[in-house]
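Next come the structures, one after another.
Common to both upcoming complexes is chain A, partnered first by chain B, then by chain C.
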Partner chain A sequence: MEKRKIKIVDTTLRDGSHAVSHSFTVEQATAIAGGLDKVGVSLIELSHGDGIAGSSINYGMSKVPEMELLRAASKVVKNAKLTVLLLPGIGTIEDLQQAKDNGAQAVRVATHVTEADIAIQHIKYAKSIGMMAVGFLMMSHMASPEKIVEQAKIFVDCGADYINLADSAGHMVPDDVRARISALKNSIEIPIGFHSHNNLGLSVANSIAAVEEGASYVDVTCRGLGAGAGNTQNEVLCAVLDRLGYDTGVDLYGIMDVAEEIVEPIMQRPQIVNTASLMLGYAGVYSSFLLHTYRAAEKFHLNPRDILVELGRRGMVGGQEDMIIDVAFELSQQKTR
Partner chain B sequence: MEKIKVGIIGPGNIGSDLMYKVMKSKHLQMHMMAGIVESEGIKRAAGLGFKTSLNGVDAVAADPDIKIVFDATSAKAHLHNAPILKAAGKIVMDMTPAAVGPYVVPCVNLDHLAHVDNFNMVTCGGQATIPIAYAIDKVADSSYTEIVACLSSKSAGPGTRANIDEFTETTRKALEIVGGADKAKAIIVLNPADPPLMMTNTIYSIVKNPDEKKIMESVYEYVEKVQAYVPGYKLRVPPVIDGNKVTVIVQVEGAGDFLPKYSGNLDIINQAATAVAEKVAENLLSKEG
Partner chain C sequence: MEKRKIKIVDTTLRDGSHAVSHSFTVEQATAIAGGLDKVGVSLIELSHGDGIAGSSINYGMSKVPEMELLRAASKVVKNAKLTVLLLPGIGTIEDLQQAKDNGAQAVRVATHVTEADIAIQHIKYAKSIGMMAVGFLMMSHMASPEKIVEQAKIFVDCGADYINLADSAGHMVPDDVRARISALKNSIEIPIGFHSHNNLGLSVANSIAAVEEGASYVDVTCRGLGAGAGNTQNEVLCAVLDRLGYDTGVDLYGIMDVAEEIVEPIMQRPQIVNTASLMLGYAGVYSSFLLHTYRAAEKFHLNPRDILVELGRRGMVGGQEDMIIDVAFELSQQKTR
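Then we have the complex of A and B:
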């Protein structure tokens, strides 16, 4: 019997950007993208962690403009699709056109799980200039399977090539994933992908659950480099999928070497589940809030855990890094009273 | 006392809320609501005893009693409407991102725009953040200003959703032109929390002269100036100064005239437009008198 094919989407150069505070250099991006391309991943995502044009005070300034990184990566990516992330409200169609001019072939347009309609103009534009376009729903633990189907259909109707569901807070357990992916599988015709964070130590298990329910694209990063406790670890998932009898098309030893020899040396801290990242997963908070929360906790003399719990209680969504200061200020006022 | 008659084009949420604001005004008198199809907004205006028309801009342009017009349609429609209203001698508050006329933020640049007959109201995020951006730039000289506007999902209408890029681009431009930053960036986030959150806006600025006392005083002064026409405008986080970076967070609670209080974003742009129209009316009345 032929093995089922799973497409590996490596986002070390996008989600991993959070973990290095958006400091990737041209040399690093070239080495990582080139290495990933050689070992056979399907999509290589490269952008500021918050998508193109994410370089900002709110999310952190990019050390090197991402358009330069893209241009450099496009010279070494031969087989995979060089991909960017775009969050409507941060990046615009103008930024997307620039990304295309600098070598991007695909774009994943990401919105909060209930706000898909703000991405229609970007997806349609991407399709009109010949790019692959993916509809990407963030913080999907915050919506029911029915709501997710409704939102995914908005993407399908405007021409998306596949739907990617993200557990941006690393909050879901395998049954949560199964319920959402299977609901999508039963309702839409286009392929489904899954993106996880390891805040509860479940990213590989959740990715497998997604694949078993019919997902055919899985987001990963080398060494798990990413926001919060990081993402599904590329080399681990490829090994597990191989053992389970799926065909990823990725050379297993090759990806192990890219992770160990190229990515590991540039990591700024070990990608582990520490207290704060565990709290992200437990309280359902957007993973890229982590490093910003550490900074605010230091400035306002607070425990990061208290800030994260309050952010979760308030129902903050992706992109609201500014509210970390709001919460920290409020908590510090309460302390002095 | 004599009042200046007002026409509103576009009987949707914005237009209806403007109608209630005009009804409360000292110098403005609600006269006509114009749309292009029969709608709840048209019925509402008729029910309150105002003239209504389904001939849109043409009906408003043809009515000689109307001196001030609020155009609450869309950028595309306003590009069509603007020359017609100009030819008819009307003074226009453009609620769309068309930017035919100059950007106006009442507490910042209204006094310099006495001769203007088409005022562009920027965006809701612009009305909420430019006063603070300007207050900081005035005393500390901003080289870069960035804002993050968070709106409740329920208060972001279909126009905003379909053209979210227009929001970021228009707000950025106005932060530079009116707010005074050398360079600016605008970000918008929609939050679906229920009950809906109040509109919050964060203003970051990189400044050349981070004088804490002057920045504090200036920001407090401008918050008060905005409060004069937007009572629900509130400082959540007063200036936090970190080296050459200034961070300020403001919240906007709507007046609840027609729209719910969480629609602070819609309220502030309407309050600003009404404040401009009031000023224009005052000038017209003093000329006549």
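Then we have the complex of A and C:
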């Protein structure tokens, strides 16, 4: 029997950018993109960690403008599709055109899991200029399978090439993934991808669960480089998919070498699950909540972990950081009652 | 509904000992054992990494004799059972008696998955002196569920309190675990435990699979400290089990603090999946093969990874390190043919 083909989407140069404070140099980006291309990765994502035009005081400045990195990477990427991430509200259609002009062939347009509609214009524009376009739903643990299907259909209707589901907080267990991916598989015709974080130590298992339910694209980074506990480790997932009889098209020893010889030397810290990242996964909240939470905890003499759990319970989303202080105040009142 | 109870078996002071070159001091062992006891761990295993009497030129010398560490730990362990590991052939019944005299309340007698019979005398002796005794099957990916049941019954017949199945090479995927644990669950009456390594990034998922199939003891270490890619990370597994509605009896924030404040500062390197540990898991071979393999690869101008895969294919077991050179020779002959 022919092996089922799984496309490996490496986002070391995008999600991994968070873990090196957006400090990739032209030399590093070229080495990584070139290495990934050579070993058979399907898509290579390169952008500021928060997507194109993310470089800012608020989200962290890129050391080298991403357009320059893209241009350099485009010279060495021969077989893979060079891809950018775009978060509507941060990146614009103008930025997307610029990314294409600098060599990007695909864009993934990412929105909160319930807000696919704000991505319609970007996806339509990408398709109109001949780019591959992917609809990307973040924080998907916060929505039911039914809600996710509804949102995915918005992407399908505007012409997306595939739907990528993201467990942005690393909160899901394999059964959570199975429920969501199988619902999509049963409802939409275009391919499905999955993006995982390792906050609960489950990113490889969740990715395998997604593949088993029908996902055909999987997001990874070399050595798991990424925000918080990091992403699914590329070389590890490729080894497991190989063991399980899938065809990733990736040369296994080759990707191990890219991770160990090119990416690991660049890393600023090992990608481990510490208390902070574990709590983000356990509570199911954005990593951007962490700093605000620690500040609020100090102010109100609370355990920051109790605040994170409460934020998760209330389903707080990115952009609501201001409300953390209110939640902390309420918790402190309950405590003194 | 009452939550199902899962007993957490922390082996930071035994399997974790490999990852600090058996250098635990009395102060460190006391701090770790005391911390684990306080937060509600059920069993605390403390021995040389290769079990009692493992300290030797061959397996690595312990900085502090394990009997001294045991004695110190026994003074702070109030609720958990202080446990030792014993590998017949390395440790003896005399060593076991000495461990009991120094405070050990339980022993886990570990053999290769097909050699349970060499543990009978040790388990019977342990029971005769009032210790808890556990039958421990290593490298269990190398045996079928049926074979494992047969071996487990040897332990049951000699009075073992529970059976612990170990994925010593970190080679299994969740379905491998499910097949083995469910076979045991259907065939024996005593409790079942599971011991995992993270070489394929699956230790948390495999432990969850074991629990779902009926295992009630799970081996872990703080921060995953252990040989190769390390063990299942205690604080992460406790968080996931809590999310899934199991009762570990472990204070979640407490175990996070033990890992971050007591264990992490002692670690000599972060517990990551690098090429070496990934290859051990992928090939399914003992970590003791690694050094011999690299030497043989150099001698015969081979990729060490090809040798490891071949060793796994042939089902080579610990003690057969001498044959690695023969395998390398054969591979080199094939290459030049």
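Just so it is clear, the second predicted complex is superposed on the first by the 287 of 337 C-alpha atoms of A that agree within 3 Å, B and C clash if a C-alpha of one lies under 4 Å from a C-alpha of the other, contacts with A are read in each partner's own complex, and residues count from 1 in each chain.
Going forward, a residue touches a chain if its C-beta (ideal position, glycine included) is under 8 Å from a C-beta of that chain, and two chains touch if they have at least 3 such contacts.
Remember, it's a predicted structure, so these values are computed and weren't measured experimentally.
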Partner chain in contact with A:P174 - chain B first, chain C second, else both or neither: second
Touched partner set for A:I118, first chain B, second chain C, both or neither: first
First (chain B), second (chain C), both or neither touched by A:S216: neither
More chain A residues in contact - chain B or chain C: C
Touched partner set for A:Q105, first chain B, second chain C, both or neither: neither
Touched partner set for A:D326, first chain B, second chain C, both or neither: first
Chain B versus chain C as contact partner of A:G315, first or second or both or neither: first
Residue numbers on chain A that touch chain B, as the complex places them: 56-58, 88-90, 92-94, 112, 114-115, 117-118, 120-121, 299, 314-323, 325-326, 329
Complex contact set, residues of chain B against chain A: 144, 146, 148, 150, 153, 158, 161-165, 167-169, 185, 187-193, 197, 200, 202, 204, 206, 236-237, 240, 242, 245, 247, 249
Chain C residues touching chain A - in the complex, by the definition given at the top: 173-174, 200-205, 208, 223, 232-233, 235-237, 239-240, 242-244, 252-253, 256-257, 259-260, 264, 270-275, 278-279, 281-282, 303, 305
